[in-house]
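After this come two complexes, each holding subunit A, first together with subunit B and then together with subunit C.
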Partner chain A sequence: MVAVMGVDIMFDTIKLNFKKFNIAYMFILPTLLYLLVFQIYPLVESVRLSFTDLSFIKPGSGNYVGLENYKELLFRDPNFWTIVLNSFVWVLASTVFQYALAIPAAVILNQKLKLRFLWRGLMMVPWVTPVVIMGLIWKWIYDGDYGLLNYYLNTDIVWLGDSTTVWPAVLLASIWKGLPYATIMVLAGLQGVPYSLLEAAYIDGCSKLQAFYRVTIPVMMPILVVSTMISIVLTWTKFEMIWVLTAGGPGVETSILPTYIYTKAFQNFDMGVGSAVAVLSMFAMIVFVVIYFKVLYRLNND
Partner chain B sequence: MSHRKVFNKVLIYASLTVLMLFVLLPNLWMLSSSLKTDQEIFSVVPNWVPKPVTFEHYKWLITSIDLNFAKLMYNSVYVSVVTALMTMLFAATGGYALGRFNFPGAKSIGLFLLLSQMFQGPLIMVPWYQMAASWGILDTKLVLILIYGTATIPIGVWLMMGFFRTLPRELEEAALIDGCNKLQTFYKVIFPLVVPGLVAVVLYAFILSWNDYQYALILTNSTEAKTIQLGIAELMDSMGKANWGGVMASGVATTIPVIILFAVIQKQLIAGLTEGSIKS
Partner chain C sequence: MHRKLLFVFLCLLLAFSLAGCGNSETASQEEDHSNSGELKANLKIMWPGTSETEKEVAAKLKEKVESDYSGINIEFIFLSWSDMEQKMAVMVQSGDSPDLMMVQDITNPVAMDALEPLDGYLNDAINEEKFIPAAWENMQSGGTLYAVPGLAIIYSHVLNTQLFEAYGIDTPETWDDVISASHTLKENGKYGYAMANGGEGRFAFRDFMMVSLSNDLVPDQVDDSNKEKYLEVLHFFNDIAGDMPESQITWEYPELFKAWEAGDVGIMHTGNYFTANVIDHGNEAMDRTRPFAFPAGPSADKPQIMVGAVGMAMFKDSKHKEAAWKVIEALMSPDMLAQWGGSINTTAANFVETAMLEEVAESVYPDVYKQHVALSQKWSELAEQYGVPMPKILMQNQMEKVVQSALVRMLKREITPEEAYEEIRNGIEKIKEN
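Let's look at the complex of A and B:
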């Protein structure tokens, strides 16, 4: 009896809600359906394919093979763990360097400057430059025969072809591309620091530098944490930047999980193994995201 | 001004110069190379100012059959415009629902939009290829538009949600009192006020589609469907140094449109992006 009443009340609330919010449901529905079909379904399908031996060049493939693809990657593939390690290095180093430079860059752009709006706008040029174009510019800068870098450093290095220089070279290009986004985030944080707080610090005898470390940075901390986390998560799935510069080479020197998915699935036509790489990569990302929300939650509660 | 103040000013402008050089030099180098003669491009000492200035590479660009520049540009414009307009429809409606109504589930949907931006690129490439193949839309402009939507719609709805929230609550009430029904309230009262936001979303969606390389790489390969970005990447692989001026000219031609569009929407876009991440 009580249960029936409960259900009744539930239906009533649903009906009531629907009447009150019918236009909201009607308007959000297309977006939900779109993402369901074109994003959620592919993600689920990705998991399913990872248990198959699907290959485009083998007719009749696509049978279930259980955990075979995962065993192959985790235990037999000599490159897999190098690539996992590369992915972490790539993501962490990109983010750390981008933000280490973004803080001074944002401080400069937050000063009273002539034509400040223009400098802030120009700062975003790398961000809007198409990644293919970024690739070809930086390839030319790093070129062994005609590269700008070799000329100015008076060296003779094939920057993207040498295993000792390829990582710094790729990271520099990644800093260039990612610095604008990091800078606008830090800039937004800087603008949120109330001037009264800084003034109080000056009255207490802090120098500008001290005030920056003791007031500005702590106040901005939540924004820094959130935006670096976003950068980490977004960089984790980025395939294009490395692909246009080195295609993961030389060898697998700069291969990361996203490029490995492509190599496995679209160059070796091994869609099953490619999907397994994607699933493992997603799994790592979910761990990231959980940490991300935990950190957010703690920040909100402080 | 005291010495200290002068010193500070000099320091600030010197750092600004260094920052701007780092950010702008690569693109300026591309621009300068595209205007050089072949001989000058391969000179041992790099020249920043081309002497003489030549437009031969741009001429090559327009007439070349290797790249088929005009056709690929057309494909890129077509795909980006349709994606942008489609994104506008979803962003206007979805953003309105999430920004103006506190319905059960609104919060989870917002979170879902945020999360869906994380599961993109290579993570969904394999099943997308499969899907496109089985629907017979592989190597078409349609498949690009559909997959670009998975990136532009979540961010578009998210940004519009922010714009809708900035409008005062009383607007709907006033409209209802004046006898508007819910749909009329939307398109007569609320909608006109968020047009600037919508313009920003449309142009942002255009830029995202225009700049894409990864999806075009796996889903298209014919001249009928592929975008200029893919064309340039292939040109780089096939000709590279043999036609460096041409590669650089094509780079300039595809970068200038997005830089102009960005300059137009800069203010709204940056406000939207930073607020999105700060408030979330």
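Let's look at the complex of A and C:
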């Protein structure tokens, strides 16, 4: 009896709240529906497919195979672990170098320069240029026979074909593309640092460099944490740049998880294994993000 | 009151926005005939639309069909060749098949059970006798026709006549001649042979397949009985590895054709799509390019020229098969085939007059149309003499990566031909097992 009354009260409360906030719920509804249809449903479907042998070129496939796709990838696929390692190198190196360059760039753009708006605008060019166009331009720059880079350096290096140069070359293109975003984020952070704090630091005898490390960076830390996190996630799922430059090749030398998902699912039409790669990629990213936040949290507390 | 109005407005907005998510098939599921007996249909056609030339042919087809059958509306889905199969697979799986699609290789769509057998539709205007046999056969699987060939793609190697003449080299008649010519060119500061080994492996595999065919071998035949032939092919490439550009490891067709136009390469593979590809980089190469049949290898008796086709296929799930066939008939009419074949390469039909093709070629390639026509004729002669249907290899795109990877490592001297063979064999056997 008491339980029934409890349920009644709960429904009454929901009803009352809905009446009170119905307009607000209606505002949320389109986004909620969008998320359900275009994010949650594909995610659930992808997890489901990863337990099947669905192949577009095998009529009658799509049967439940348990963990077979995962076993295949984790224990029998000779390329999988190389690709996972490539993905981490790709993400970490891209993000670290982007921010290592973005911080001095933002500091310069934060000065009272002549034509500052122009320099800030020019900084955005790589960001607003479509990735595929940029990839093709970089590909021509790197060409071993007719490329601009070899022409100016007077070398004959096959930048995208040599295992020692292919990763630096691909990373340079990726860093160049991602630098504006990182710079904007750091610039926004710099503009939020109260001048009174810096002034107090100078009065206490700090040099400009000391003030930067002891005042500016700690104040900017929340922005840096969030924006590097976004950069990491964006780079993890970034597909086009590598695809245009090397298509993940030669072989799988420059393959990363997104290119592997594409190859498995949309070139080999093996949706089961492709979905399993996608699910593993998602879990790897979740674990990575959790570790990242824990380390940063510990560093902040220290 | 305002709140209620806003509520109603939001509900309407939501309803309209969700209406866009509905199945677009509603319109195309109309009956094929109106009350007056007129054929009515909205057709979706997947078409390779990466160049203006291809789009122009599509526009002409639409104009022709819609003037002949006012009830038929055509909507083109323009995609690159490499994206078309992916898009098709997704559309078929989601029950949203287009009605027609241009195909180069029917192997995967047939394996998906997506295509309509066309033998029952053939008539006096469209039948086997009217088309080049190798092209017709290319559109068949298990003796059933799944697409009507419109263009014949004749693949062959070409040589740079200017370089061959300058260094006194004759047209190669054996593999040893090719190797010797390649070495001579390299000694004189040129590249003896060039491949496009970058990208997804498609062009590297094509080159490998053409040389393999000349040794009576199809690249997926990796069993013991073909090991010797396989090794002969790999050793051939290994022998000329030093004569090739190092940067070809990153090249796709644009880079390969650029090098060809620059006059730096002695031999490369291409096909009768040569003009459309090289013209983007200039037209000087048109005067110094000669197609030739790649010589027979040690295990073969005669050269083989691979003949593929581009055809129009109909989907099994199309709701408008009668109207779709009318479109195929319109595309296979002499004027449309002349437009299509004259502007891209060679028609697969034998009833199109050469004069019509030349007229179209002149309008598309005004500066080099004579050279284009001469090259096309040479390719047709080669196909007549040595033509064989392009091998159909199930899951070829997976094998392309395997062959590309091993070939590239071998050409970089990282592995021997024997190791490359083992790598290719293991990779291909694994793909076949799956």
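Following the convention adopted for this analysis, the second predicted complex is superposed on the first by the 281 of 302 C-alpha atoms of A that agree within 3 Å, B and C clash if a C-alpha of one lies under 4 Å from a C-alpha of the other, contacts with A are read in each partner's own complex, and residues count from 1 in each chain.
Here is the rule we use: a residue touches a chain if its C-beta (ideal position, glycine included) is under 8 Å from a C-beta of that chain, and two chains touch if they have at least 3 such contacts.
Since we're looking at a predicted model, the values are computed, not measured.
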**OP:** Once the two structures are overlaid on subunit A, check if subunit B and subunit C clash or fit side by side.
**Re:** clash
**OP:** Decide which partner touches more residues of subunit A, taking subunit B and subunit C as the two options.
**Re:** B
**OP:** Could you look at A:Phe27 and tell me whether it touches subunit B, subunit C, both or neither (first, second, both, neither)?
**Re:** both
Original post:
Is A:Pro42 contacted by the first partner subunit B, the second partner subunit C, both or neither?
Top reply: first
**OP:** Kindly classify A:Leu224 by the partners it touches after superposition: subunit B alone (first), subunit C alone (second), both, or neither?
**Re:** neither
**OP:** Identify the partner contact of A:Pro126: answer first if only subunit B is touched, second if only subunit C is, both if each is, neither if none is.
**Re:** first
Subject >> Partner chain in contact with A:Phe266 - subunit B first, subunit C second, else both or neither >> reply: both
**OP:** Name the contact category of A:Gly161: first (subunit B only), second (subunit C only), both, or neither.
**Re:** second
Original post:
So, A:Tyr151: does it touch subunit B (first), subunit C (second), both, or neither?
Top reply: first
Subject >> Stretch of subunit C, among 37-45, 91-99 or 235-243, that runs into subunit B once the two complexes are superposed >> reply: 91-99
Original post:
Taking the contacts subunit A makes with subunit B in one complex and with subunit C in the other, which residues are shared?
Top reply: 22-23, 26-27, 30, 139, 146, 266
Original post:
Where on subunit A does subunit C make contact in their complex?
Top reply: 22-23, 26-27, 29-30, 33, 37, 56-59, 139, 142-147, 156, 158-161, 246-247, 249-252, 263, 266-270
Subject >> subunit A contact footprint on subunit C (complex, rising order) >> reply: 3, 6-7, 10-11, 13-14, 17-18, 21, 86, 89-90, 92-93, 108, 111-113, 197-201, 245-247, 249-250, 255, 258-259, 262, 264, 394-395, 397-398, 401, 404-405, 408-409, 434
Subject >> Complex contacts: residues of subunit B adjacent to subunit A >> reply: 12-13, 15-16, 19-20, 22-24, 26-27, 29-30, 33, 41-42, 44-46, 89-90, 93-94, 96-98, 100-101, 103-104, 106, 109, 112-113, 115-131, 146-147, 149-150, 153-154, 157, 182-183, 186, 207, 210-211, 213-214, 218, 229-230, 232-233, 236, 241, 244, 247-248, 251, 254-255, 258-259, 262-263, 266, 270, 273-275, 277-278, 280
Subject >> Contact set on subunit A toward subunit B in their complex >> reply: 17, 20-28, 30-32, 34-35, 38-39, 41-43, 45-46, 49, 54, 104-105, 108-109, 111, 113, 119-126, 128-141, 146, 148, 151, 176, 179-180, 184-185, 187-189, 192, 223, 226-227, 230, 233-234, 237-240, 243-244, 257-259, 261-262, 265-266, 271, 274-275, 278, 281-282, 285, 289, 296
